[in-house]
Structure formats: C-alpha cells, structure tokens
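Two complexes are shown next, each including subunit A; its partner changes from subunit B in the first to subunit C in the second.
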Partner chain A sequence: MATIYTYTAFGLTFSSEIEIPEFLPTTGESQVLITLGNVPENIEGNSTEGFRFQISKNEFIIRFKPWVSFYVCNGNSIIIQPEKDADERDVRVFLISSVIAILLHQRGWMPLHASGIKVNNKAVLFSANSGIGKSTISLALNRKFGYPLIADDITIISEKEGKPIVHSSFPSAKLWQESIDLLGISNEGLNYIRKDVFKYRYDNRPDFFNGILEPFIVFVLENSDNEKVEISEVKGIEKFNVLRIHIFRLRMVNELYATELFKLISILLNTAKCFKISRPKNGNTLDELCSIVQSIITK
Partner chain B sequence: MKKNIVWLASYPKSGNTWCRIFLSNYLNKTNEPANINKLDIGAIFSSRSIIEENTGYDISELTANECDELRSFAFSKWSENYGDNAFLKTHDAYLALPNGENMFPVESTKAAICFVRNPLDVAVSFANHMATTPEKTVDKMSDSDFCLAASTKKYNQQVRQRLLTWSGHINSWTLQKDFPVLTVRYEDMLENPSREFLSILDFLKMPIDLDKLTKAINNSSFETIKKIEKEIGFKEKPAKCETFFKVGKSGYYKNILSEGSIKKIINDQTDCMKNIIIFQNQGN
Partner chain C sequence: MINENIKFVRKKELLSSRMDNEIVMMHPESGKYFALNPVASRIWELLEEPNSINDLVEKLLREFDVTQELCKTEVTVFVGEIIEKKLIDKSE
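And now, the complex of A and B:
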C-alpha cells in the first residue's frame, strides 16, 4: 500500500500519495486528496480551452508536456499523471502553484499573487507580477525586523462571518540567484525548483507562521522607468482594479468565479489599506523599500 | 482567426526601432513627434508579460524551450485585439520548435518586413548596445548559438531569443515561404526615407497620405529621436548602454572596427552580404 503523506497548506489539510517536502506535515482529517492516476482526456460538458488546459467551474485539466498532467475537481481532489522520466520537482512545481491555485478557486477562495509577513498578528501582503521582488521584500523584512513569513507567491483570502481572512501558504520561497545575493543567503545545499529551471527553492522554516490572520495592508509593487521609489495610497475603484489583476491565474479562470472573487476583493478592501509602490526597474532599492514599508506598518 | 500580424524582423541595430517610430508617427493623429516610450503600434514577440497574460502560465517555472511552445498561442490570441496590422517586432530568427511545429503564429500572420544593414556597421552599433567590444560582437555575429535574454539565472522581462548568425538570421526570414516578406535595407532608408517607408506602406496596403508621410519622416529622423532620447530617455535602452540612438550613419565602422574584425565579418558573412548587395558598396 502506498505511503500517504498529510500536510497543511493554504488553510487546508492535504492527503497526498506523493511527498511534498515544501509543505508542513500535519495530522488529522484531510479536505483534499492528491492521488496518482489517469487524467481524463477531456472535461465532459461545457468547458473552455486554453493552452494545453481545459477548465469548467468544477473541473480543470492541464498538461505540462512532456512531464505531467493534472486533473482537479470539486475543490477537493487532484489526480496526478506523471509521464515516464518526469523528475519529481517537475511535478511538484506545477502542483503547488497553478494546480492548487485552481483548486482554491474551485472552493470559492481567492488566491492572490502575493507574498506576505505577519505583523502584530495581522497580515501584510506584497502583491505583484512575477519578477518584481515579492519574495525578496518579504524575506528581507523577515531578516531585518523578524516578521515571520506567511506566504511566498500565493496568499489565500477567504471569508469568515462576513470578514476577510488570510490563510498562510507554506514556508518555502522561490528565489533567483540575484535575490539570494541581495538577501545575503548562501545557495549551498539549495535545490533548483526544477531540474532545468535554475531558480532556487529556499525553505524559511522555522521562521514561518502557519495559520489565519486578519488582513492589514496590501502593498502592490510595480517596476517603473522613474529613478526614485514612489509610494501612494490607493483608494476607491483603483484599489479594486489593482488587486483584481493580481488574482493568481486569473487568465486561466477568467470569469468563472467572478461573483466569488468580486465579493472577496470587496470585503478585503473594506478592511485592508492598499499602497502602490513603484520602484526603478534597475538598481538595488531593497533597503529603501524595507524602510518605507517599515515606516508605514509601524505608523 | 485574424490574419493581421506584421513582423518587423531584424538582427539588432538594423533599423527596426526606427521603422516602429516612423509607423507610430504615421498613425499618430497629432503633428507632435510620438513619445518614443509609448510606441502604441504593437509589441515585441519576446514580451514575457504578453505571453503570461495570454496563456495564464508563469514563465519563471518553465525552461526557455517550454516558453517557446507558448509563444505562437499567446501572440495569436494577442493579435485578436488589433485591426488590419498587429505589428510585432522580433529579433528572433525565423525558426520552428524542436518538434517541427511553428514557434511563430503563421496562421495569424499577414506579412513580414525584414530590415537588413551592413553587418560592419551592425557590429559597431550592436557593441555599443551590449556595452561590449566590437571584437566580441563580431564573434557573436558568427555564432549560430547566439541568443538574447539567454540568462537562466535571473528574471528577465523578455524570453530567450535565438538569433543564429547574422547571415543565418537574415536567410531565415528572407528565404521562408510561409508568408510574404519585404526586405528593406537600412542604407536605403538613410538615403531615401520617403521611398522606403512608402514601399512599406504600399506593401502592407496601408492608406497612403503624403502629408502624414512627410510629418512621420521628420518626426522620426535620427536627429529628432536622438534629441527626444536625450530629453526623456528611452525605455528600450539596455541599462549598461549609454545611449540607444548613437550614430545611425552608414560606413561608421571605418572609424571603429579593426582590420581583423572587418576581415572576419566579410569572411563569415560573404554570401549573405552579396545577396543583399551591401558587399558591393564596400568596394570589394
């Protein structure tokens, strides 16, 4: 009989037939089953197609050729079909990002493309497109001021009794060598996220908070052509728009969960402040960014 | 599916950006020079954000070859938002994927314009662009494995672009049979911009307005865009490069290139140089 691993991540308990060392082990009853098996050829009934994926409200099939295919359904089940010669990292990297993100959408939750830290029992999030420095700033603030990491790439927003809650994800971050250098971390002993993708997997345990927090501030990071770091508070409809575009895998789900996402963004924005930070695309502004963020969160 | 993509294809520093600025000015409704940092006429085929936005994938999880597999789908979808001409700049050689499938969205393609420039001048200008020596640049122009945005160690706004050699690049575009291609020489654009830009408009069956043509040529002249770059900067300039629009002249290589570099280029690129009749202008 196959070994079953039990983990906690994204506010859920996963029971998995594959080992996911990036997640925290736990015990107890699982809400999501991850099994090895055959992925169906197609979704039956109405679905839309994207590049090597099909999606409907409750089902999702994606094929990362030539390594692995996934089938996600009903927000509680993931079937993995690895191909011959698939490296386990090639399987996991997609599982713990796009695939689980769609599962979270299916549950009516909002995966935000954001890293995060815990500040005075509240969540401070850094939302941005890839490559802007979400992971780097969270880890820099963790190092400078001791704020525990709560997420690296995906932060989950859901609702409890009409109020927004933030679920932590898991303790590992994905870092380019450039970020490793900026943070003064050694890359010795670190693995690449995939065998042929040279971005490092960095585990921040034990400095990680696992649990639920009230949202405090969302910083939206952007690169700019300006020479200085600029910060401004975002209000009104712009606040809604800047957050909406950072919903994780929005381009895959499109309008499928529009109602759920609209509600979650709305209640999140009723509670959390939002600031936009534009930083020069060239040059090292990490210390300046950390000082600016620290001054706002301790005000 | 629309068939509206127009490739603005070239080896770097061969007049591609100049043409994009011209087109932006030609299509611009005002008489003021277009903002070179907001050339609203299309995109670049290596844009990471367009690939991610139109596929939903996170490219930083993929290898360069896997990214290439997304490009045809992504840009075909992207082009649906445009009218008759969706201009796409590219420095990629016209190559297929390793499995033989198209990397370029051929079904969505209307035509291509391929800009070519004397490789001796390209070497000088490209060396400035990459903030390296002309000798190293000349070597890269003979390297069939040469790529732009090739680093696998850091985040890049653009995906990897395979250029092949200078000759390989030009041949890949000018000899392909998938769609019509107009070859435009940089030297001819310098000598008679009206004639060359008119030929581009004509080739693309774009409405011709001679007043607009004159305005666009003036607003995209080398002196004008160099002045604009000095005033407001140019976001497409690499960080290490001092100025994007530096000399722009033909034959400038004579002041810069060593005899050895000239010989190497002529030796390595002879056939292609002959084909585009640049070779004869050098008196060889």
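And now, the complex of A and C:
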C-alpha cells in the first residue's frame, strides 16, 4: 500500500498519492482524491478542445508534453499520469496551479488570479496578470506591517448563505530573483519551482493564515507608462469588468461556468471595495505602493 | 415601430446584478454580458413587472427631470435594443 498524504488547501481537504510539500498537512476526511493512474484518451460526449486540453462541465484532460497528463472530474478527483522522465517539481507546478484551478471551477467556485493578506480578520486581495508583482506586494506588506499571507497566485472565492467568502490557498510563493532582491530575502536554500524555470519556491509557513475570511478590498494592479503610481476606486460596471478578466483560467473554461462566476463576482463586489492601481513599468515603486495600500486599508 | 401599449417583461433566465447605480446582466446560455447605465438600469428594474412603453414613460417622468418627448424617444430606443438582444419578452 502506497503512502497517502492528507493536506488542506483552497478550503478543501486533499488525499494524495503524491507528496505535495507546498501544502499544509492535515488529518480527517478528504473531499478530493489525487491518484496516479491512466488519463483517459478522450472525454465522452460534448466537450470543447483547446491547446493541450479537452474540457466539459464536469471533466477536464490536459497533457503537458513531455512531462505529465492530468484528468480532473466532478470537482473531487484528479488522476496524474507522469511520463517516464517527469521531474516531480514539473508535476507539482502544473498540479497546484492550472489543474487544481479547474477542479475548483468544477465545484462552482471562483479561482481568482490574486495574492492576498489578512487584515483585521478580512481578506485584502491583489489581482493582476503574471509578472506585475502580486506576490511581491503581499510579501512586502507582510514583512512591513505583519499582515498574515493567505494566497500567492490563486485565491478562492465561494459563497455561504448568500455571502462571499475567501479561502486561503497554501503557504508558498513563487518569486523571481528580482522580487527576492526587492524584498531583501536570501535565496540561500531555496529551490527552483521547476527544473528549468528559474523562479524560486518560497515557503512562508510562519506568516500564513489558513482559513476562511470575509472579503474587504480587491486591488487590481496594472503596469502603466506613467511616471507615478496612480490609484482610483472602481465603481459600477467597470468593477465587474476589471475583476472578471482576472478569473484564473477563464479562457480555458470559457462559458462553462458563466452562471456560477457571474453570481460569485456579483456577491463579491457587493461586499468588497475595488481599487485600481497603475504603477510605472520601470523603477522600484514597491515602498510607495505599500504606503498607498496601507493608507487605504487602515482608513 | 413598437406598439406603445404592449407590455414587456424581463426574460426570467437572465441574471442581473447591481453595481453601485449601474446594472450588469448576463444571458446564461450565451454567457454574454450587458451593461446598463443608470437610467437604463431604472427601466430594467421597472421591467421586473410587465410595463408598456407608455407605462415606462409615465413612471420615469415622475423620477427624472426630462421632457415627455425626450423620455419617450429614449425609452423607445432602449426597449427596441433590448427586444433585439432578446432580453425581454412580450408579457402574456
């Protein structure tokens, strides 16, 4: 009998045949099973095909050639089929990002491309495209003001009794060397997230909060050609539009979960305020950004 | 031209959500979004119950400071658009 690992992440308990050191170990009954096995050739019935993947409302197949394939179904099962020379880090990078994101979509939840911190028992999120600095701002605010971290790349929004809730993800961030320098962290002893991707895996366990929070503010970060950091509160329909584009893997799931996502964005934005921050593409504006965010969240 | 006395009502399957003073709505089958400005949002609210163009104009005139003529033109244009986009039905 192989070892079974039990973890908590994204508000769920996972039972896994592979070790996932990035997740927090836990005990108890699991809602999701991660097993090693054969990924089916095709999804039966109606499905949509995309680059490397096939998707239907309850099933998903993706092949990251030449490393690994995954089959995700019913929001409660993931089958992993690694190729012969697959590095376990390659497998995990895909598993704990895109693959689990689809599983969360299948459960009718909304994975947002956002990092987050806990401020007075509420969640403050930083949503942005890759490379804009969502991990860095969360870590910087944690180091400066002590706010616990709740997510690095994907934050989950779901609903309970008509109210939005934010689930923490797992205590690990992915950082480029540039972010490590900005934050003044040492890269000694850190591993790369993948064999050939020079981004570091940074464990932030002591500073991580695991649990459920009410949403407070969503900051949407963007790069701009301006010389100054600019911030404005987003209201009305624009709020909807700026956030919708940051749903994780929205293009992959296309309209499959349109109704669920519409409802979740609506209840989220009826509770949380939304601010847009544009920052200059070049130059170090991290300190300025931290002060601006701190002044808004402590207002 | 749309008959001014025919009553229209929102399609039941549409999802809509208020964001401050604007409304965003979605057709669940197509996944298409529609955004409404504040005045259109008010008309949309009124269309929760069956209303004709004349009913709408009468109600809006009580709330907004516009001439009857302008109000009627705008309501007719808006109702025409949402008929075309299949967002409302004739009320039975």
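The criterion applied here is as follows: the second predicted complex is superposed on the first by the 299 of 299 C-alpha atoms of A that agree within 3 Å, B and C clash if a C-alpha of one lies under 4 Å from a C-alpha of the other, contacts with A are read in each partner's own complex, and residues count from 1 in each chain.
Please note the rule applied: a contact is a pair of C-beta atoms (placed from the backbone, for glycine too) under 8 Å apart; a residue touches a chain by one contact, two chains touch by 3 or more.
Remember, it's a predicted structure, so these values are computed and weren't measured experimentally.
J.: Is A:8 touching the first partner subunit B, the second partner subunit C, both, or neither of them?
T.: Once the two structures are laid over each other on A, A:8 reaches no partner at all.
J.: If you stack the two complexes on chain A, which partner ends up touching A:236: first (subunit B), second (subunit C), both, or neither?
T.: A:236: touches subunit C, not subunit B.
J.: Using the superposition on chain A described above, determine whether A:263 touches subunit B (first), subunit C (second), both, or neither.
T.: second
J.: Let me test your reading of the model: by the given contact rule, A:158 touches which partner, first (subunit B), second (subunit C), both or neither?
T.: neither
J.: Please determine whether it is subunit B or subunit C that touches the greater number of subunit A residues.
T.: B
J.: Contact-wise, after the overlay, does A:136 reach subunit B, subunit C, both or neither (first, second, both, neither)?
T.: Neither partner.
J.: Is A:69 touching the first partner subunit B, the second partner subunit C, both, or neither of them?
T.: neither
J.: Enumerate the residues of subunit A that count as touching subunit B in its complex and touching subunit C in the other.
T.: none
J.: Provide the residue numbers of subunit B that touch subunit A in the complex, in ascending order.
T.: 37, 48-49, 52-63, 69-70, 73-74, 152-157, 233, 235, 239
J.: Which of the residues in subunit C come into contact with subunit A in the complex?
T.: Those residues of subunit C that touch subunit A are 15, 17-24, 26, 28, 30-31, 33, 35-36.
J.: Could you pull out which subunit A residues touch subunit C in their complex?
T.: Residues of subunit A touching subunit C: 235-237, 239-240, 254-255, 258-259, 262-263, 265-266, 269-270.
J.: Which positions of subunit A touch subunit B when the two form their complex?
T.: Those residues of subunit A that touch subunit B are 50-51, 53, 65, 93-94, 97-98, 129-131, 174, 176-178, 193-194, 196-199, 225, 249-252, 281-282.
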